[in-house]
Each structure stands twice: as structure tokens, then as C-alpha cells.
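As C-alpha cells, here come the structures.
You will see two complexes here that share subunit A, one where it goes with subunit B and one where it goes with subunit C.
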Partner chain A sequence: MKTIKRFEHINAKTIDEAASILKAGNASILAGGTDILGAMRFEILPDYPEILVNLKSIPDMEYIREEGGMLKIGALTRLEDIAKSNVVQAKYTALAEAAHRTASPHIREMGTISGNICQFTRCWYFRLPDNRFDCVRKGGKKCYAMTGENRYHSIFGAVKGCVAVNPSDTAPALVALNAKIKTNKRTIDAEQFWDMVKPGSTILEADEIVTEIQVPTPAKGLKSSFIKFAIRKSIDFPIVNCAAMIGKGEARICLNAVHNKPYRCINAEDVIRGKSINESSADAAGAAAIEKAKTLPGDRNKWKIQLARTMVKRAILGCA
Partner chain B sequence: MSNDYKPWTWKVPEDFKPLDYNASRQDGHDKVSGQAVFTRDVTLPGMLYAKILKSPYASARIIKMDTTKAEALTGVRDIIRFDDPDIRLENTTGGYCSSEYNILTLPPTADFYQHPMGVVVVADSEEICDLALSLIDIEWEEMPFILDMEESLKPDSPKIMPDVLRLNAAVKEPNTLLTKKTDIGEVDKGFAEADRVIEYTFTRGPNTVAGIEGMACVAHWRGDFLDIWQHHASHVEQILSNPSLVNVGLSFVSLGYGTIDADVKSPPKERKDPLLPLCEPNRINVTVPYQGAWYGGISWLGYSTAFIRMATIIAKRAQNRPVKLLFDESHFYLTGDDAAIYKCRIGAKKDGTITALDWHVVGPVGELHIDKTHESTCIHNMRNTQEWALINHGPHVCFRHGTQCCVPHNMMFDRVAAEFGLDPTVVALKNDGCQGHDWAWITKYQEENGFPKRHSLKEVIDLGKEAIQWDKKWHAPGAKRLSNGRMHGLGFVYINEWSWMPGRQFACLILRDGKLTIIGMRADFGVDTESAFRYCVAAESGIRYDDIVLQQQRSDANTYRFWVPGGAMGITRNTPQLIVAARQLKQKMLEYSVRPPAPPMFPRAKPGQAAFPGKKTNELDVKDGFIFEKANPTNRKSVKDVAGSFWGDDPSIIHPVVPEVSGLTLDGKPHPRMYIMSRQAHFMEVEVDTETGEVIISNLVCVNDVGHLFNRRGAEAQQYGGAIMGLGRSATEEKIYCPKTGVGLNFDNINYHIGTMNDYPEIKCILNESHLGYSSYGACGIGEDSGAALSGITAGAIYNATGKWVEEFPSTPERVLKALGKI
Partner chain C sequence: MSETKKTDDETKKEISNLSRRKFLKDAGLVIGGTTVGSMAFASGAEAQQQEKGDNAPSETTPTSAQSECRAPIELTVNGGRYRYHVEPNWTLRQLLRDEVGLTSPKDWCGGMGACGSCTVIMNGRPVLSCLTLAIECNGAIIETAEGIAKTKHPIIDSYIKWNAFQCGYCTPGFVTTAKALLDRNPNPTEEDVRDALGGNLCRCGTYQQHPKAVVDAAEALRQK
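Entry: the complex of A and B
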């Protein structure tokens, strides 16, 4: 295997210290490391950080607690801890299930919630070693997937010319649960957190660090669920996933891996809101969710539209 | 006839039971403790590292290469370009890919994405190698590439891979490697006799090996002596020392099959500049450390023959410093030889009798696609036509091999069963036989040649059907929806075994101090054939199992070696010689027991006495490390005490050469043919989600007739591993290329969906012992069939569940949805 380029490893003691290092440039965050180290080893990007700022050396970044009517999760909380948390399983079911369905046990033991929502896209053109394709997401002029092999790509069109999808499992759960992402600079609605920002996936500034995830405690009668379709259940990234929170006249449904960022299914929400959940109403909502879906040139991703419809339907049924 | 060599008639030693699950494993501590050293782990003092450029293009040529900046980098010791005189001859030969062409050693042209080519950098560390490679300025000329074999077959296609040596003299320009037609019986007549002719086409996408250990070779010259740590155990001494055997290509030699002339009907042109010997054979010391994930064996590592020669040349230039040559891409550059289009016609009667088949295959592989069907059925009339052209997929090689035979074989039974509303197990049994003979004929052959009268396919089908409750669960296609909304289906495949012949190997037994050492170089890649070797020698010699070890990783003498590939061929090829040797050793121990040892070295010492004075050898026996009197077992002495006193003058080295099988008859007349009579059957239960196309495998039963069972633990591991490999190939594994650039997009273990144990249910492994193999006690192999036969099992199961055929493998959810008309 190719050797990883040398970098300086700094154990930050505080968020402020980490942010100041990031602000100086040529540095990147190291949390669980499951994404950044692979990206560096395979040299998928044109430029590489010379410094990795380790956040794990900052105290009190790993926690799960209910406080002030919300669930607070420290940014460095490992996915496996979230998946196994009794309180998350009981009240924030979609998030527990999403964390549980992420990757494999080994990766969940290392990967953090903040890393999972900040990871790079898995587009294979973007990810190919040695920066093989200088695609639009890296500052190039072309999206190779648009006219190339795009069976796993966006069914809701391109964003800034890129048809890659967001691969996070926890992201749609956070959107469905109406969560907020707290950083060292601000608190952002989860729904506004992601965008196509070269080469990353979030609106975070260079020296901005996620510190906490805040999920409002669902009102009594609200239920949430998460469902994922992947080729191999044991480890794979989603082909399509979906989270829903429904009840008491409220409905929030979010697909992911279908668009550049988590895709809130407003149409489906309108269809199911206030209705009793059954096969028929869920199916109608699933159909509504894909009303704006379209295939890419070559129609290779057509199957994902069928999957998206089914995932929405099943996520809704999971809230019954 | 008494001298006839028939290992299947050998009497199984008394109390011979298959090796227990908790028996010691020689490799156990190394692997469990993490101390096992694999070839890539080998580190020597002063060692240099070497890495090869990998092509970023599917098809391109190096126009200019400037290595100045790389040469100036501190720590870079050598750079070998494609045009270096030391590599010139190597570059026209390369290493094994198939019987039709080779992959070149270090060419200036890239023939596929990640092709190892162009230049090698030698440096003080891997890191410097990587950095130096990135500093080499290369001007490329991109050339046309072709990913579709039907396109490549066209006479007006652009010529691709122009520098590759075509080994078949009958090649057609620009890209066709092979066209052939084979008829067995009277095919047209067979179709005329059919009640119905069924036609269908299916395709198999490109897949790749499960090897996770990237290719590596360490070479170290000590004057005229060469030490090699290699990645597999082909006949490396031949490759390095005897260029006359590698005059045209390394293909057959790399497989250990013999010379290049074997089986080549149209001999290729002779080389003008034959390869040079690199070292004298008796000065080469070979070490084969542990090998990782070797599924499919030497065939996919065939290129490493060229790789080893290159490492040797690099090390020579390194002037006495050892060099580790590394290729970083472990296996994705290789493509399975089952990637093809199969156009099939089957003639069949209403009762399932197949009267004729005609398969046209557009795809690789020199072997016949009808091989397994001919070997394991009574079908008389078969035709196989084939066209094979080069494409820029990376070399098509044989790994988890036989899929190109097994899948069309089983698709045929499924299709015939579907056509006439029959159970596929019934159709399979209806056509069971060997080389056109029905089972009644085979039964007569069995009687006459010392085999038990057994019907292996019937046995394994009965066992499997009972285990999965087939008769209770079988239903018409698309007829059973489960309460969870999914469709229920059953699938069945079968095949005969590959490894059924005894071999002629060159292992050696040494008894010293009551402990027995088996010497024979081979690669340990985790299938635990070693325990079976130790066990059969223990059973036959009377030495305790735990007092026997296998010395296999190093060969200074280059003489003692086992047959290399896996567990299957390991058992069948190697145990006959080991058993003969163990028997000879036992006889020798008995002879020691009844005669006095040699006169002592010192004249004043008291002469020794026989351990069992006055006894004859036939009055004694050996068991559990003791020699004892049969009539009075309490009169016993340890092997250590008896044999030890003879060590000085007779160290009991046994290495018999065993003959070929002989003495076969039929109707009392000499009959030279052997028939593969053992069968393996696999059964699957699935649930198909018709909204997502997902196929959930809920139950899997593997029944393998191993002839005779030596090592249950090892055999079950092969069933398990084979099944997972087969299922992955059937359902999920596919190399995906960019249609616009030819670049491989999923050449990593995240995006290439190889099957894992966590994706499939617990497998019920059943082993049957029919004693119908030709090897020791009637043993045959187990290794290949699961991986190959299961590579198509999802098709029949999905059909049974949905009533629709998925005609492309792997049968991904996308393809299931298409078959269902959902997209």
C-alpha cells in the first residue's frame, strides 16, 4: 500500500487552540481519522494538509446527555456509543439506527459523529487515488460522473456542476430530528449544514469546528425511524437512506445519498402529515418524494429513484 | 495386477477418524499472536525497496520520461526504465496471464488501468520510492481503449496492446486471440431429438481476486548465491535458472505444468533473443513465508514469475544489498476469466433429458466451457464455440476458477427445469454421468476397479435436500410470497470436483529422536492442509500427530516440494506420496526393532541389543509413538528409544517416488480413462424484496463429497470460504470501469463489493465420504467447486422466487429490479 505523506501531528488542548492552527492554513482536523487518513494516503486531493490537529486531546468532547429539552452529543462521540446509548435508542430512534448502520463495528468504534457528518463525498471519480480526476469538486472544470459511470449518483440533479452525493448515514437522521450543529462560531440548523463546497461537504469555514450536536427531544407521540439500502449490509455506504420523524401532525422526512446534500422530502411530508400511517399513505408519500427525481445521462442511476421511493415509504412505516 | 497403483483401494488405518476440531495447528500460534511473517513483512538489514509505476490510463504509451528529479532525491539508489538493457529481454516475455498471451514485465505501453509498467524506483524506503515515482515526468500518448470484447473482435477495431506477445499462432488481427469450435457427439442430431430447444443469453461482468496481500518479492545476492523470499511457490528455480524452458513465455512454466510446448497446437514463433539464466539452480535458496488470501492460487499470481525475475535483476544491481520489490495494487488489475457473454442453446426432452447443447462464448479462457459438463453428465452431444479478443480490462486470469464452466452448466439445468416445470435437482440427476456415460455404466466401472458402488450426486442431493427441507419448500416459480412481503425462492447448483487424481510429489520424511519431520516446500495460505498431511502420516506411521511437524517454508536444496495450490490439490496430490513414505518409515522402524543397532563408535562400549530380540517385524506394530508386541501390548518401547539408536548410521530419510495410476480395466480389458465420480451440491433459500431488488440469502447448505475426509476443520473452512467467495461473485462483485476513460472506478475494498461472512447466514456444511476419488483412500478435493459453482446460484433462486430471469451476473439489486420491470 502506498505510504502516507508526512505530516505534523498536533494534540490540541482546546478548541480555540485547534481553531487558531486551522486558521493559519495548511492544517486539517483529525477526529476519528477514518476519512482524512484514507484521503491523505491515497492522495485523492490536489493539496494536502501539512498539519493534522488532533481533537481527541481536548477534554469533554465525548458525551451523550439530555439537558434543557434536548439531546446533546459531544462532537467526538463515537458512532458505536451513540448506537448503543439507551436514551438515543429510546427517544431518538432514527439517530441510533443511523449510527448503528454506519460502516462496520471497527469503524464505528473509531469514527465520530462529527466526522460522519463532515466526511468527503464517496464519488469514485473524486476518490480515485493520485488525484486521477481533477473534477469540478476539486476546482476542475468537469464532472466526470455526469457523463461517465454514475449508477450511484444524484437523482436530484447537480449542484454547482457536481452530481456526487452526500454519503452520511447520520445526516438525514439529524435533519429529520430537526437537530442543530453547534460549532466554535455558531449554531446551525442541520438542514443548512451541508453544501457543495470544494472539496468538502459542509458550510464550515476553514477554522470552524463542530463541538456539539443538539437534538430537540421529540414531543410525546412523535416517532422516528431510519432505513438504509446498501449493497452489503456489513459495511457499505448507502445507495439510498432515509430518516423520518412523524406524529402529532408533524412530519420531517429526509433522504440521503441521492443528492449533493441531505434531501428534505417536503412533498412527501405534505402527503403524510396528519394522515394515519399505512401502506397506502406511505406509498403515496414515497411517490411524492421522487416527483422531482430525474436520471443522469445514460440512465444508470434510474434504480435509485425506485429505491428512494421505497426508502421513504419504509421510513414512514417505521414511524407507525 | 498386484503392482497396480490404486491409492483409492488403500486400506484406511485402524481408528482413522477425521482430524478433530481442537487438534493443534502448526500455524496457529503465529497467526493468532500476529507473529506470522508474510512475504510483504520480510525485512532484512540494509534492505532496499523497489516500486513500479502503475499506469493511470487504460491504454497509453510513454513518449518521454525524465527521471532527473527522482534520481536527485536523497535515498534513491537506482532507477530502471523500460528501455534499460538489463530489462530488455524480460520485456518481450513477461509473466503468465493465460495460454494465449502474457503480461509484459516492464513495458513502455500501458494496457490497462494500474498496469505495472514503465519504470521501477529503488530507494532506501517505501516512502522515498513513492515520492520518487511522483517526481518522474512522463509524457503520455493516450491510445484507443476497448472494454467490450464484441467490439474488439471486429476486424475494423483499433489494435490495442500492440506490444503484447500473442502466443497462439492462429491469432487474427487486430485483437482476436482465439476462435475455436469443439464438437462432441452429433450435436445437430441431438437437437433434432429434443422435444424443445431453449435459447438464452447471459453475461458475467468483470470481477477480481480476493487477494489482499499485494505482490512482493525479496531478493538478496550473496556472491553467486541468491536468496529469494517469494510470494508464491511456483518453480522459481526454473524461472531463474533455465531460460530454455521459458523460451517464448513463462506461462506454462509459471504454473509448474512443464514446458511451454505443452498443449500448444500451433507453436508460437521462437524468440530471437531467449531469456538469460540469472542464477544457477543449486545456488538459489527459496523461502515462501505465509501467504495472504490466496484464493485461486498461482494463476492470478502468474505475473509474479516475471516479477521475481525483475526483483532478481534489481537485486543484482544493488550490489549485495537485499531488495524488496513491491506492487501496491494487490489484485484489482486482474480480471476473472468468467467475464463473458454466453449464448446458449439447449435441446431437451420433457422428462429433463438433455439431448444436445451448443454454447457460444465471447470471452477469455483457453479451456473448454463445456469441460465440467462433459466430465459430469451423460449428455452425448455438445458444441462449444468461442471467440476471445484482447480488451483493456487487465489480464483475464483463472482464480476461484471454473466459474466459466460451472455457471453455464447449472444455468442449463435451471432453464430446462423451468421450461418443463421440473425440479432442477431432478433434471441434474437425470443427466448425471461421466463423459457421456450414464451412471449404470459408471457403476460397472466402479465394481471392476475397486471403488464402492456409490452414486455421489444422489447422495449429496439427498443430504442437501433434507438439510434445507427442499421437498417441503419447493414451489413453482413466483408462487410463494412471505408474510414480510418478500418472495421466497430456492436455488440449487452442483458440480464435480477438480482435484481427484493422485499426484507425484517430492516430500521427504526424517525421523530423529522419535520426532518426525516432513520436508516439502509449499505456500501456507491458511487452508490448513498442513494438518491433514501431519495427520495421515501419523495414522500410517504410528508416530503421534503432535510429534510431527512440517518444514515447508524454506528450501535450500530446491528438491523437496509439495504441489502448491490449495487444500484440494494439496490433499489429492500430496497425500499419496506421504502415505507411501509413512508406510516405508513404519516398516523401517519395525526392522530397527528386531535387529541390534550398529556397532558403537568406541570399541570399549558395550554392543547394543535389539529392542525386541527374537521377534519378527510382523509380530510388532507402532501406535501413538510406541512400538509394541501385538500379542503382548505391554511389551513396548518408545519410537525414540528404538529409532534413536540407529540415527548415527541410518537417519531414516524416506522420500519414495510414487507411480502414476495404473491397472484400470473395464469388461476385464485395460481401460486408461479416469472419471470424476464425486459431486458437490449447494442449496440456497432466498427472500427477494421486489421493491428494492435486494436478494436476502436466508439459508445456505453446502454438501461436498470429499471422497475420504482427513481434516474436518480444514474441509469445512474451505466450504465456508468457497461459499462466501462464490456468493460474492454471484451477487455483488463487479469491477466497474469509466466508459469514457477506461479507468477502473472501484478498485478498492470499499467500492468493490466482495462477499463477507457478515453478509450471509451461517452456512450448514455437510461432508460426504463416497471414496470415489482416485487419490488416497478414495479422496478427492474440495477447494475449487464451492467458489465456482456458487458463482451462479442466485440466478436460479431469484427465478424460483420471482419467475423472472436475471441474465446478468452479478445479480445486483439494480438487475433484479430490471428483471421485475420496476425500472
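Entry: the complex of A and C
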């Protein structure tokens, strides 16, 4: 087994302390550790972090509570706790299901929700051990997946030349549920949270830390659902996943793993909004969702377009 | 050059003189010797561990030049208290294997959290010891497959009864994960077991047997 290279480990006592360490230099956040430690072991990043700031030593960061018309989830709440929570299962079905379908049971026991929404992409050129591909996301000039092996890559084009996809399962659920992500500096709409900032996938600044996820309680009559296609049922990253919240003349549908960031299907929402949910209306919405989809050079990811259409359809049917 | 050739010839001669029977006899002696040796070692290690478990925490003192960076941690492993000075980059798996001497947390996927064979129970949660830093285990209560076997947990007999393994390499990971499930859910269905063991890989492919073995162990636990 490749050993993890040396680094300095600091137990932060407060968010401010953690932020000041992040601001000072080449440091990285350590929460659940399931993504960053793997990335460090295989040295996939251009800069090996000199310092890891442990957030688990900060008190009161792990909670699920409903107050003020919203669900508040602490940034360090483990995915398994969210999946098992009765409150989340009852009213925020898409989020509970998304947390349940993330990774493997062990990773859900260790991984946190904030880590899940801030994880690195799974593009195999990006993640090849020893940082062998100097790709655009790492500050290079070329996207190797664009003309290379891209069967799992974006079907909605490139962002800044990169065709990697966001691999999070909880991200589309948060967008569909119209959640807000609170950091130590501001509160961001889930829809605006992701962007390609190299090499991470969020718009967070270097010393910005997610502190809480806020999900407004859906009005009565609104239902949400989440569906995921992966090669293996219990352990894999999504090939395509989709979350939807529909009812009472409202519709929010979000695909993920199809684009650089979670892809909100505005066209599909327009088709299904206010209509009764049945096989044909869901199918029409699915067709609308992929109107702008296009394959990458080589057509290797053409299958994902068909998948995306079906995922949207089934997510809508799940809200019936 | 000629000297080398001579040696080669001599070697060939020796090999041809060595009868099959003699070879088997010699090899048998070697294998027998190894077995006795390792058995003696195992019983010695066990005695040492029990001592550790009963008395004050054992301690290792850092010896290398890098020892200044080492942090002291104290943790409970299978009921015994241990104190170590650890490097920040040590994983729990490294600590358990290299320092505590427990070899049940296996390495298969190379430390990316993909196979589940290094699973240990940490504070009641099944976690991957390859992605857990030892420095963050201060005060943790750890249980490994060795500890589960030592307490004569019904899961062990059940795994043997249902033949839920072939080569056995992934078994410690399965056993720890299953034990963590039974601790939380004393009456799991086969579907629950499939769900909980979803992160453990077995390349021999004995997946069908695991749910039966765990459900059976739950039954045995309830009757206890």
C-alpha cells in the first residue's frame, strides 16, 4: 500500500481558527477524510497539502434539527445519519435517499455532507496517481478527456475546457429541494454553489468553510424523489442521477454527473409544472431535459443522454 | 568464465542427485518447522496482549529522529488500553498492523476505501481503517476481527457453518461490518444485511452466503 506522505495535522478549535490556517498557506480541510486522504495517498493534486486542518475537533458541527421552517444540518453530519434520520426520510425524501445511495456503507459512516458536496471530480485523467495529467482543472492547457476516454463525461458541454462531471449524489437533491449552503462568510443558494474553481468544484474561497446546510421545509403536497444509475448498486459513483421536487404547481428537477456542476432541467420543469404526473407527461419532461444535450468527440458518452432522459422520467414518477 | 561453468555443472549434478523422495522429506521438515515456530510466536503474542489488556496501558516510546512531530494518543483496542506516539500521516490500519500487531485489517484496494477489507469498528461505527488517521483515534474504542473472535461471538461459528468464505482474505472486513450491524440491529432481514455489507468486496464471490450467515448469527444471539 502506498503510504501517505508527511503533513502537519492541526486540530482546529473554532471555524475562525481553521479559516486562518487555510488562509495562511498550503493547507486543506479534513472532515470525513474519505476523499482528501485518498487524493493525498495517490498524490493526484498538483500541490501536496502541507497542513491538514481537522474540523472534527470543533464542537457542535454534527446535528440534524428542524427549526424556523427549515431543516438545519451541521456540516460534519455523517451521510449515514442523514439517511437514517426519520425527519429527513419523512419530509426531505430526496435528500435521505441521495445520502443513502452515496458510496458504500463504510464511507457513509465516515463521510460528511459538506465533504460530499465539496469532493473532487472522479475524472480518471484528473485522478490518475502521481498527477500525471496536467489537465485544465489543475491549471494546465488541455482536457485529456475531451478527445480521450470520455464515456462517463459531460453531456452538456465543457466549462472552461473541462468536461469532467460533478460526482455528488446529495448535490442534485439539495438543488431540487432549494437548499442553501451556509459558510463562515455567506449563505449561498445551492444552485450557485458549484463552479469549476481549480481543482475543487465549488465557488468557495480558499479560507471559506461550509458550516451548515439549510433546507426549507417543503409545503404540504410537495413530494421529492431521488434516483441514481451506477454500475454497482451499493458502492459506486453515479453515471447519472436525478432529484426532483414536484407538486402544487411547483417543479424543481436537477440532474447530476452530466455536467461540471449539477444541471437544473429548466425545460423539463416547464413541461411538468402544474400537470398531473403520469407515464406520458414524465416522458415528455424527460425528452425536454435532454434537448440541449450533445455527445463529446467520439460519441462514447452517447448512452448517458438516454440514461439522463430515463432518470428524469423516473424521478418525476417517483413524486407521483 | 570456466569457473562459472563448473559451478553450473555442479549445481545440475546436485539437482539430478536429489531424489524426489528426499526433496519431499526435506521440504516437509521445513514446513513443519515453520508451523511450530509460528504457533509458538502466536501464543507468545496472545499472552503479551492479555497482559496489556489487564494491566496499565502499554507504551511505545518514539525512537526515530522525527519523534518530535509525534503525538501521543491513547486508545482501546479489543478491550486493552494502548498508548502510542504516532506520526500525523499514520493511518489507523498502519497503527493496528505495525504497532499493535493485529493483522486482520487487510489491504486490498490500496487504500482508497473501495474494498472494505480493512474495516474495524470504531466507537460503534464500521469504518475503513485505511482512511482513518491514527492521530484522530485518541480516546477511541476500536474492535477488530481478532477481538470479535476472542469474545466467541456467534458470527464466527455462523460464518464457518454457512461457508461464507473461500480464500478468507476479505473475511475480517465482513465480520467486523456484520458485527457492527448486529450491535445496532439485533433482528436484521437478509435485505438489511445485503445493504450493510454492500461496501465489502469478495473476489471468490461467496456473496450469497453472507446474509444467511449473519441472519443465523442474529438468531443465535437472541437465544443466548
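The working rule: the second predicted complex is superposed on the first by the 320 of 320 C-alpha atoms of A that agree within 3 Å, B and C clash if a C-alpha of one lies under 4 Å from a C-alpha of the other, contacts with A are read in each partner's own complex, and residues count from 1 in each chain.
Here is the rule we go by: a residue touches a chain if its C-beta (ideal position, glycine included) is under 8 Å from a C-beta of that chain, and two chains touch if they have at least 3 such contacts.
Quantities reported herein were computed from a predicted structural model and do not represent experimental measurements.
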Check your understanding: Counting only touches as set out at the top, which of subunit B and subunit C does A:L307 meet: first, second, both, neither?
Key -> first
Practice item. Once the structures are superposed on A, label A:M110 by its partner contacts, choosing first (subunit B), second (subunit C), both or neither. Key: second
Review point. Who does A:S276 touch here: subunit B (first), subunit C (second), both, or neither?
Key: neither
Exercise for review: Figure out whether A:W124 sits in contact with subunit B (first) or subunit C (second), or with both, or with neither.
Suggested key: first
Practice item. Tell me which partner A:N86 touches in the superposition: subunit B (first), subunit C (second), both or neither. Key: neither
Review point. Looking at the overlay, what does A:K2 touch: subunit B (first), subunit C (second), both, or neither?
Key: both
Review point. Can A:Y144 be said to touch subunit B (first), subunit C (second), both, or neither?
Key: first
Review point. Should A:K233 be classified as contacting the first partner (subunit B), the second (subunit C), both, or neither?
Key: both
**Study point:** Which of subunit B and subunit C A:L37 touches, first, second, both or neither
**Key:** second
Revision key, fill the gap. Residues on subunit A touched by both subunit B and subunit C 1-3, 6, 104, 233-235
Check your understanding: Which part of subunit A faces subunit B closely enough to touch in the complex?
Key -> 1-3, 6, 104, 122, 124-125, 128, 130, 132-133, 144, 147-149, 151, 229, 231-237, 239, 302-303, 305-307, 310, 313
**Study point:** subunit A-touching residues of subunit C, taken from the complex the two chains share
**Key:** 69, 71, 87-89, 91, 94, 107, 110-114, 116, 119, 125-128, 130-133, 135-136, 177, 194-199
Review point. Which of the residues in subunit A end up touching subunit C in this complex?
Key: 1-9, 30, 33-34, 37-38, 41-42, 52, 54, 56, 80, 103-107, 109-110, 233-235
**Study point:** In the complex, subunit B residues that touch subunit A
**Key:** 56, 125-127, 130, 214, 328, 691-694, 732, 736-741, 743, 745-746, 750-751, 753, 755-756, 758-759, 812-814, 817-818, 822-823
